[in-house]
Amino acid sequence: MLKGKVVGNIVSTNKFDSLKGYKFLEIQLIENKTLTDEFIIAVDRSISAGIGEEVLVATGSAARVGLDDVNSPVDALVVGIIDKIQN
Amino acid sequence: MLKGKVVGNIVSTNKFDSLKGYKFLEIQLIENKTLTDEFIIAVDRSISAGIGEEVLVATGSAARVGLDDVNSPVDALVVGIIDKIQN
Amino acid sequence: MLKGKVVGNIVSTNKFDSLKGYKFLEIQLIENKTLTDEFIIAVDRSISAGIGEEVLVATGSAARVGLDDVNSPVDALVVGIIDKIQN
Amino acid sequence: MLKGKVVGNIVSTNKFDSLKGYKFLEIQLIENKTLTDEFIIAVDRSISAGIGEEVLVATGSAARVGLDDVNSPVDALVVGIIDKIQN
Amino acid sequence: MLKGKVVGNIVSTNKFDSLKGYKFLEIQLIENKTLTDEFIIAVDRSISAGIGEEVLVATGSAARVGLDDVNSPVDALVVGIIDKIQN
């Protein structure tokens, strides 16, 4: 999974029917506790992550498995909010 | 999903039969509101994105799921047009 | 598979039900015997890797195969501890 | 899909039986009309791309779908020759 | 597929049962005839590649297909030895 910070909500009117109703979040990836210049767009179905929160993102076919909707063209899914990391 | 700007249409006469009729777009990826030096070629079946528009691209097996054509060798699909991002 | 060092435990209360009970480790990737600035979050189900240990991580759909839980949105799994590398 | 230029033919005697008879091409990726330092090895089954031609390469499970041979360990496939890109 | 040079054997005692008996090789990727700073760990089941040899590596679900063992968490497999590249 990837770790990132929610930085925006994607507004998209013209999209696949099977994606209607899904919330798309823009997520800025974090490496070594630092925000990088890499971003990913992930669906958030059930976690309700807000702007500024740090999240776990599952990518690839794992995203569709988590959505329980194997017929939607989704390749990234917010699967949890990170409370903290214990070192 | 990835975020990018449509920058070209690929013309390809010699290609797989199962790809005939698909429109292939060249998409320049966007990170942090800036165009990067990374590009991807994605199929656009139903979104009809034009040059200059910002789009969402699903990659990997998600592309075939979205095409509803699991027998075509496609690994990237335009799944929506981005109207704006709310921060 | 990727090679990395365990550097932290992710604490996440709000996450997918199907992920409850799984241990999520933050792993810093190693290239050429040097720690890089790239990290991945992987599930550790049965290896019990501790902070500081070097591990093998399987990514993509291989992770769900290894978990024997194809319905969880997991894309990275700790599959072994590296004792040493013989050159 | 990725865009690249065919730069070589791989000669490999000792390989998986299921790969015998396949042609493996070395392809140098192109970004922004410039050859990069990234390469990929892809199977060419039906396109017959020659050295110097620009091709479309499908990656991941899409490659096996295109080969119509889901039992071969192939992760990249030449799926078309690029005639030109219209901007 | 990726191209790389075998640089080491991974010794791992504590690993998934389904991985026991597999040989794990550390492979340094090659781009443009030059060794890079990127490495991958791949299983070698039948090729018997030795230290210093250049190999083809299939990644992702292709690796499990090649192993003929879809239940092992493997994401990279040595599928051939490169004799030479004809330009």
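First chain written, first letter: the chains are A, B, C, D and E, and each begins at residue 1.
Definition applied: contacts are C-beta pairs under 8 Å (C-beta built on N, C-alpha and C of every residue); 3 or more make two chains touch, one makes a residue touch a chain.
All figures in this text were calculated on a predicted structure; none of them were measured in a lab.
Looking at subunit A and subunit D, the chains that touch each of them are B. Counting only chains that touch, the fewest steps needed to get from subunit C to subunit E is 1. Path length between subunit B and subunit D in the touching-chain graph (shortest route): 1. With centres taken as mean Cα positions, subunit B sits 19 Å from subunit A.
Chain centres here are Cα means. That of subunit B falls 31 Å from that of subunit E. In subunit D, the residues that reach two or more other chains under the touch definition are 60-61, 63. A ring topology is adopted by the chain contact network, closed into one cycle in which each chain touches exactly two others.
Moving round the ring of chains, first from subunit C across to subunit E, one meets them in the order C, E, D, B, A. Contacts from subunit E toward subunit D in the complex involve residues 1-3, 31-32, 46-47, 56, 58-63, 65-66, 77, 79-87. The touching residues of subunit E, counted against subunit C in their complex, run 7-16, 18-19, 24, 26, 28, 37-42, 51, 60-61, 63-64, 70-76.
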